[in-house]
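Both of the next two complexes hold subunit A, though its partner changes from subunit B to subunit C.
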Partner chain A sequence: MTFEALKQKKRMKVKLRGSASLILLLGTLAIFLLANVLSPYGPNDIGVGDHFAPPSGAHLFGTDNLGRDLLSRILFGGRITVLIALGATSIALILGSAWGILAGIRGGWIDEFLMRTADALMAVPLILFALFCISALGSSVASLILVAGILLSPSTARMARSAVKAELASPYVVSAVASGFSKVRLVWNEVMVNIAPQLLVQISINAASAVMLEATLSFVGFGLQPPNASLGTLILQGYAQIYNSIWFVLFPVITVMMTILVFNNYGEQLRLSLDSKRSSS
Partner chain B sequence: MTKFILRRAASSAIVLVLSVVTVFLSIRILPGDPVLLKFGAQTGATPAALDALRESAGLNHPMLVQLMIWLGGVVRGDFGTSFISQLPVSELVGQRIPATLELTFFIVVIASILSVLLVLIAIRKPGSATDRFIGYVTSIGFSTPSFIIGIILVYIFALRWHVLPSQGFKSIDLGIVQNLKLMILPAFTGAMVVSPYLIKYLRTSILETRTSSYIRTAKGKGLSSSAVLIRHILPNSIVPTLTMLGMIVGFALGGVFVIEYMFAVPGIGSLAIESASARDYSVLQGVSVVVIALFIITTFVFDMICGFVDPRQRVLQVKS
Partner chain C sequence: MSDVLRVENLTVTVPSLEGAVPAVDDISFTIPTGTKVALVGESGSGKSLTAFSIMRLVDHPVKIQTGKIWLGDREISSLTDKEFRTIRGAEIAMIYQDPMSTLNPIMRVGRQIIESIQLYSDVSTKAARIRALELLNDVGILEPEKSLNSYPFEMSGGMLQRSVIAMALSGTPKLLIADEATTALDVTTQARVLDLVDKLAIERNLSVLLITHDLGVAAQFADEVMVMYDGRIVEKGSVHQIFTRPMHPYTRALLDSRCDDTVDYSQPIKSIPGQPPRPALRGDKCSFAARCSHVQENCLSSTPTLIDYGNTSAACFHSEKIISMSEVI
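So, the complex of A and B:
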């Protein structure tokens, strides 16, 4: 096999893995977003089965302490968690890239100030800041989205800034600026398109972090009010009953981990395919 | 060296001040009147009484004045008093620090041992099945929230095997055996949260050192592998190791919040969560300042040591 053929094969492999991770991601999103179609029972219907029933044909994931169907609760909880993640990711994307791109374009003391602020925010443990905001705003889907979105912005800003800086140094931008094009226009029309893939990597990492943050905040008691539940709330409830039933905590735990892994995996594969494109060109 | 120290100190100080001010402002900007929260629901709370309370808490001044008064207190170690228990915040935080420091210490020790061992096993044959397996476990570790690791450990060791208590804390004064027994699960949970970052970092930096040209030269001129290790690899590994230790301390401090809460360890992390649910903002403020300061000081100290042992670091960091 020639060197070219080997390289070709490797590129195919990266492509294949990338598609697989995308399908997994879309599949996971579809399952949660179609919760109302897929759920066999209502998520808050009490007594559709025995208390703490183990998995069976009627209740694939078993039932909880009030005899609610765990599969249905997980599907609906997952929908809330995924919506929170998507909302938070959008906020982080808009806020963070505006922040980073501004710093990258202007440079000088504006850059220094914006990035020092990002550093300061990142010096505070995420969970500490989240505690602040949630205790003031109260826990609702909207406040969880807002808090997670704001918390994920500084790291997004760092990433956007370095991507913009690298792009601004590339020959086509330098020559365009030299021939009199406006830098801001260039960034808006050209640079944004070129850094979009890198932003997409950051988006999927952010989504994974948002799921983790939501689960963590819900686990320490800042989640949704019952009977509504996100995945984190379900873990909290299941953990409180761990002496009665292992299934009640096991299935939400597995679901949260799978969701985070799927998001992280997509980001990782995307990054790998970007790297392989860059090295092959 | 002086320029390096000054520059790093200045930038640490700026980050510290910025984050402390952010902590203060975020509480004032967010909606919710602490006085109303505490006394609004009580019967017989007249508007005049509420105003008096605001006055005594200093909440009637303009925000900038409040900020200055509060910062002045913080510098002197006075973080105000708790809205709920009326105790000085510094006292509340002070009581909780030993447990957090003990837990952080154990997390750092266990995580270091665990990661170094796993990395040494993994890099014996890079790309082998063992290496790949450790890689997979590490990437699953990245995706696992701390409390899930905690739940798994509690299930195995407390519920199935009944060898360890599922939660609680006893001070060392009450007997070291009891203290350690209760520390094992939270410490291992924390260590398993921190280790994936360490393993990834260590593996890359060791592989980089091994394939660098000066190692090839040293081998090529006929040095034995132990001499290469002692004279060339180890000295060049000091800086990455120190950086790594700084990283672990940082991660451990950030990770102890939920771990302390779920294992009922009375540290500053669980204090933060408790005061957040009670909306005791003055305590939350105090805890935040202490945690942020610990964070920044740790980073600064490790930067200093790195700059001291490796002159290249000084230039690099000043330039960037």
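So, the complex of A and C:
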């Protein structure tokens, strides 16, 4: 095979993987968001099966201590988890990028102040901070979204700032300044569009972190209150029965793991394909 | 003839471990209307910094300490940043070393040109598009329509530099600053782009400040040449004068160390011994003294300033001796 053909093959491979990761992501989101269509039973219907029934044809993932169908509970729990992740990611995106872009553009003491604040926030142990906030705000979907969103903002801000800094130093931005373009125009036209891909990568990484954070918080008891459940709550409930019905904890854990993997994989593929575009241009 | 640009006592400092040091040290020069002036010098001599200072593109921690700049009759160095923005592009345009990175990589070339046309004159996008096509045609792009719809990565270096020039001309500036504008291009493209700038300068009565380290480019293109060394202009004069009868030993040494088809290659090519001094350690002496073969006592005890010799001036105590040497072949 010639060099060109191999190069082409590699490029196709990157493209294919990228599309696959996007399909996986959309598929996962669709499964959770369509929970009410897909799930065979209501998530809180008690006694649709025996207590602690192992996986069977009627209950693919088995049942829990109250005889609720675990598959249905996972689908609905996943929906809540995904909604929390998306909400938190949006907050982190808006708050974090405004934070970072402002720091990057203004520079000087504003930059210094904003970034040291970000450092200070990142220095506080994540879980501790989250627990503190949740106990102050009470545990509801809204407060989980808010807390996770705020926690993910500093890292997003950092990334946005460095991307902005790099853009501002690029010759075409200097050239645009020399052409007399105003700063506002520069930020929108030159900087924003060029850092958008990097923000997109950050979003998918943030989403994965948010899923993890939600699961963690719920697992230590700061998640949704019964009968509603998110994936983290399901893990917590299943964990108590780990010795007599392993599937009760196993399936939620696998679901969390797969969801995180899907988000991370998409971010990674996105980053790779952006890289390969950069280098081939 | 009046001057399009006059720079007086420009000093620009950059921070270093020894404190702020002047990387451009008290330089003054004028660019007469319609002339092409080349500013030559080696890396780090301060030539690009001079250009960026004229455009006020230097940012903290680099600082313009002193200096007055006039554009025509208007003093532009005292304008506020907001007022100065109306000068950029509209009165003084700039083109850069690497055309590949001067254009926004993810925006079509046409849109970028149209955008800058609309920045300088309040016209519809349709009108700006027509103007962009004219400009692209003027800079010798064969298929303007096609280039308008191309992304920067789809074009060659020469085409990109032409597009950048078209963009620079969209504000009908009086002065074009070309900062190493041909350095990144290969030699044949380089010559064509220089011819183009030359042609446009004549057509549009445009003055050009060409910054280059390539003496060949300066000789071919410029009417006047300024030689910069260690943050100062050490010699300026007409291109003919500088290249045949240099009056500063540095210019002389530069010309002696070039390698083109006039050089006898059976001899080793001459080089200038030593390194440029660190600006922080400049002190009160001629900064070329340590490398100069004509150094005398007074070179080490005071700094020479530009001495006017009619159509040329040089900052050397011993210019008579240099000029009495044989002509540069």
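Some points to look at:
Note that in this section the second predicted complex is superposed on the first by the 281 of 281 C-alpha atoms of A that agree within 3 Å, B and C clash if a C-alpha of one lies under 4 Å from a C-alpha of the other, contacts with A are read in each partner's own complex, and residues count from 1 in each chain.
Throughout what follows, a contact is a pair of C-beta atoms (placed from the backbone, for glycine too) under 8 Å apart; a residue touches a chain by one contact, two chains touch by 3 or more.
Treat the numbers as computed from the prediction; the structure is a model and nothing was measured.
Of the two partner chains, subunit B is the only one that A:136 touches; subunit C does not reach it.
When the two structures are aligned on the shared chain, A:225 is found in touch with neither subunit B nor subunit C. When the two structures are aligned on the shared chain, A:244 is found in touch with neither subunit B nor subunit C. By the touch criterion defined above, A:36 reaches neither subunit B nor subunit C. By the touch criterion defined above, A:189 lies against subunit C but remains apart from subunit B after alignment on the C-alpha atoms of chain A. Shared-chain residue A:56: touches no atom of subunit B or subunit C. Of the two partners, subunit B and subunit C, it is B that touches more residues of subunit A. According to the touch criterion, subunit A has no shared surface contacted by subunit B in one complex and subunit C in the other.
By the touch rule above, subunit C contacts subunit A in their complex via residues 55, 57, 60, 85-90, 93-94, 96, 98, 101-107, 115-116, 119-120, 153, 164, 167-168, 171. Residues 11, 14-15, 18-19, 22-23, 26-27, 30-32, 139-140, 142-148, 151-152, 154-155, 159, 253-254, 257-258, 261-262, 272-273, 276-277, 279, 281, 284, 287-288, 291-292, 295-296, 299 of subunit B touch subunit A in their complex. On the subunit A side of its complex with subunit B, the touching residues are 116-117, 119-121, 123-129, 131-137, 208, 212, 215-216, 219-222, 235, 239, 242-243, 246, 249, 253, 256-257, 260-261, 264, 268. Residues of subunit A touching subunit C in their complex: 107-108, 170-172, 174-182, 189-190, 193-194, 281.
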